[in-house]
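I have placed the structure first, in the form of structure tokens, so that the comments after it can refer back to it.
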Amino acid sequence: VCSATDTHADLIERAVATGKHVFCEKPIDLSLPRVQEVVAKVKASNIISMLAFNRRFDPNFALLQQRIAAGEIGEVEMVSIISKDPAPPPVEYIKVSGGLFRDMTIHDFDMARFLLGEEIVEVCAQASCLVDAAIGEAGDVDTALVMLRTKSGKLAQISNSRRASFGYDQRLEVHGSLGMLTATNVNEHTLTSYTQAGVSHAKPLHFFLERYEQAYKSELAGFISVLNGADVALPSMDDGCQALLLAEAAILSVQQGRSVAVSEIG
Amino acid sequence: VCSATDTHADLIERAVATGKHVFCEKPIDLSLPRVQEVVAKVKASNIISMLAFNRRFDPNFALLQQRIAAGEIGEVEMVSIISKDPAPPPVEYIKVSGGLFRDMTIHDFDMARFLLGEEIVEVCAQASCLVDAAIGEAGDVDTALVMLRTKSGKLAQISNSRRASFGYDQRLEVHGSLGMLTATNVNEHTLTSYTQAGVSHAKPLHFFLERYEQAYKSELAGFISVLNGADVALPSMDDGCQALLLAEAAILSVQQGRSVAVSEIG
Amino acid sequence: VCSATDTHADLIERAVATGKHVFCEKPIDLSLPRVQEVVAKVKASNIISMLAFNRRFDPNFALLQQRIAAGEIGEVEMVSIISKDPAPPPVEYIKVSGGLFRDMTIHDFDMARFLLGEEIVEVCAQASCLVDAAIGEAGDVDTALVMLRTKSGKLAQISNSRRASFGYDQRLEVHGSLGMLTATNVNEHTLTSYTQAGVSHAKPLHFFLERYEQAYKSELAGFISVLNGADVALPSMDDGCQALLLAEAAILSVQQGRSVAVSEIG
Amino acid sequence: VCSATDTHADLIERAVATGKHVFCEKPIDLSLPRVQEVVAKVKASNIISMLAFNRRFDPNFALLQQRIAAGEIGEVEMVSIISKDPAPPPVEYIKVSGGLFRDMTIHDFDMARFLLGEEIVEVCAQASCLVDAAIGEAGDVDTALVMLRTKSGKLAQISNSRRASFGYDQRLEVHGSLGMLTATNVNEHTLTSYTQAGVSHAKPLHFFLERYEQAYKSELAGFISVLNGADVALPSMDDGCQALLLAEAAILSVQQGRSVAVSEIG
């Protein structure tokens, strides 16, 4: 299901009705009740389903998660997710996107859950419109910080901008009891130039099509493997629902200037 | 004034009374009213004074601030400050320290003000005791995230831990409308080792005495230059007061689970 | 032509005889007279031919050459080529390989020609057997340094080893009148681990199949493009001959302990 | 002894005559017989003497040598020394310098001996005048490559230029049976700038006064420690003589286009 967002929920329901396995692009829907309804139907069915949070399949991010899970840095204590787009989308897109938190940060909410290995109980966000005034006029923000907290006190922070002049900024940093693991940007090339003007390196790969090319291939391969009986962990429809819950909590946090318990939502 | 914290305020007052210029280690005092009282006296006097926020004098951090001020990355939009100690201090120290926000994060609050170039109006913090249960029993935290916001909507985030197993983690990252400037850790050496076991680099300089050796020299040199008539920008007693205000706001934010307006404090 | 080395020359001749375009793995042959004979026949024919010096198609190395050609570092003055295998091949392979200079360094001779942009007139080499005594017993060396010189005095150096315990070491460094351009190794991932034990990065991609995967795809795509009429610069059969000339000169240089003029060979 | 080069030998002899310990800047003299004469007198005396090869005291280079000596990369097999000045000295200096090999490469010859841990038996060099025609008119070269070989077959390569437009290029790379150790340049700062124009880092420290500031302090401290009875390994007058032997061999190698046995010299 790679069609327009407002068709996802219906198509998933039709997959359930006809017993077809379903691979669906995020988001399931922009309405939380509708998402919850669809997720319940999928759970009650026997179909294999996957919500395509592609970044879990990025080779570097996947390796980072595996190394954390293997105990390399002990207990996870703080996760930092940097996620910035090279340039904002057209305002027409912004208007139907559901807003920064449901459209863009949702990937980071999923990544935080993936890396923390524990459900998030509290969300606190601050957001501004600094990049493009038209985004603000459309009722959205383009720059945001989010703090997340799990029940045992693990923390995560997300920083988002709709515009990083140097390209797609996609980095992870996880601080644990025994050390830190980071994943830097993937760069366009390995060249360095040394001249009188200075020393210059490559920029990060420009945007998601370049940066996550392998991730897109791997997520589809993973889905197919599961259809063929393999035991691969796929992001579930419920993962999509949980990430949306965090987005709703972040929106409420910005509106009310307070930390929001995830249990308040939905 | 490099004596015990609880003697700073008295000694500054004696400097004012006797017309002596004063260089004082942070903090002025752990009590905000007492700090405000001392700052008022210093302001009303003719003495030259400096609160020793050493990190402003770190050559790399100072250069980063100068390049921001020179417009290299346009308008500052998001500041990220990573500040972690290699190991927690003894609990006896924790008990008289004023707590993580007044003792450790205070440097980062000052750095945020230094880099944002605009007063902070809102503070939101989350904190946990993950490193050492004895710190929690002493009523303090050892792991924290803070979000800050200026009137025009610029954002900053701080991440703190009392323990980074690999050493003193002191990094800055500033995202602006035209680009990003980062300052990495300063490492012990420039060697890299490539063996069958892997590729290994140097660790960061272990703690503040090594990392900020040059900063300590430069801040004192700066103070002396001002005494000799030079026009150097020194962190003022009021900068110390403003950083403490932010610490108080962060503490209140954690206690009440909400964003705190700086105007609520003091 | 990807068959065993001793069949290359015959197969190229049959391609010429039957008017088939030919893509051939290096080397054309281990005998210089035989190579010269084949190259002459190809030149006299109308077929499109390509000697598969894959490294010219490595995206990073190709970009480096383009940036040099575009004048970014002015006139090329010194080229450094580092080329080491992770582990030596079996001695059986060594025995039929033609020796280090004809088998391994030949890629570096071609790269030197590619980057210098000027024919090499003088070769000087030193070589040892340090990795595996069996290689020495087979009459070959496993560790070598080569210096090259063009007519106008541009210099190049090559360092080779049959064993780099950390993996395939493939780097370039070009020093010009206006600056330097380097291409580092391509690493297995972008993760860095910071623990009490130290800071560790990824190793280089292990060997040529991983490192030059894209180069192999690109060289074949380039050949097909030329067949389809595109104007792509392909390594020619004559490039293969020139690289072998340099290998012969290096062998003579080691034998006689002197610089060898390329004009002495062939 | 930090006076003009042509006074060094006399002053060392006066130190011997008067029983004074002597710290002398390189070179002892530009004439090999004169150097040998002085070294013999120093050896026959009881004075403590040191030839100031400052780079052995660079903290990074010293650490690299210690880690090699500790066996971290097994047996040393190939040493690469990159040494380029930011800009050529005035031709007046060139004329009295003794030429590139005696004046500039001599540091690298000493470093090669320091790292190889074995005497060098063979030298082969190639050199050009590419930077400044006036240097060539003065009978000197400004760009050079050297290969060195020890009795057991260990190899080393040196690359020199009188002009690196981006600053002082001082790097080491040592390949051993168990791995590789490198020491990169020391940079002006730790900042990185990411903009639409690209990603830029700091340049290396500009020239020897900045780059080897600590080395100069440490070598003097080392000399004083020895005077006070400590057991510190100092570069000896004989080390100065050995490095000059290698320079003479390199000059002969360029003149005659052949490898030169060190035993042929002096």
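Some observations on this one:
A, B, C and D are the chain letters, set down in written order, and residue numbers restart from 1 in every chain.
The rule is short, and it goes like this: contacts are C-beta pairs under 8 Å (C-beta built on N, C-alpha and C of every residue); 3 or more make two chains touch, one makes a residue touch a chain.
What you see is a predicted model; the values in this text were computed from it and never measured.
Placing every chain at the mean of its C-alpha atoms, the farthest one from subunit C is found to be B. Chain centres here are Cα means. That of subunit B falls 43 Å from that of subunit D.
With centres set at the average Cα position, the gap from subunit B to subunit C is 54 Å. Contact of a single residue of subunit D with at least two other chains is seen at positions 164-166, 178-180, 194-196. Chain contacts here are complete: no pair of chains fails to touch. Put simply, subunit B touches subunit A in their complex at residues 75, 77-78, 80, 82, 84, 122, 124, 126, 128-131, 143-145, 147, 149, 153-155, 157, 159, 161, 163-166, 169, 175, 177-180, 257-259. By the touch rule above, subunit C contacts subunit A in their complex via residues 59-60, 63-64, 67, 72-73, 178-186, 189-196. Listed in rising order, the residues of subunit C touching subunit B in the complex are 164-166, 194-196, 198-203.
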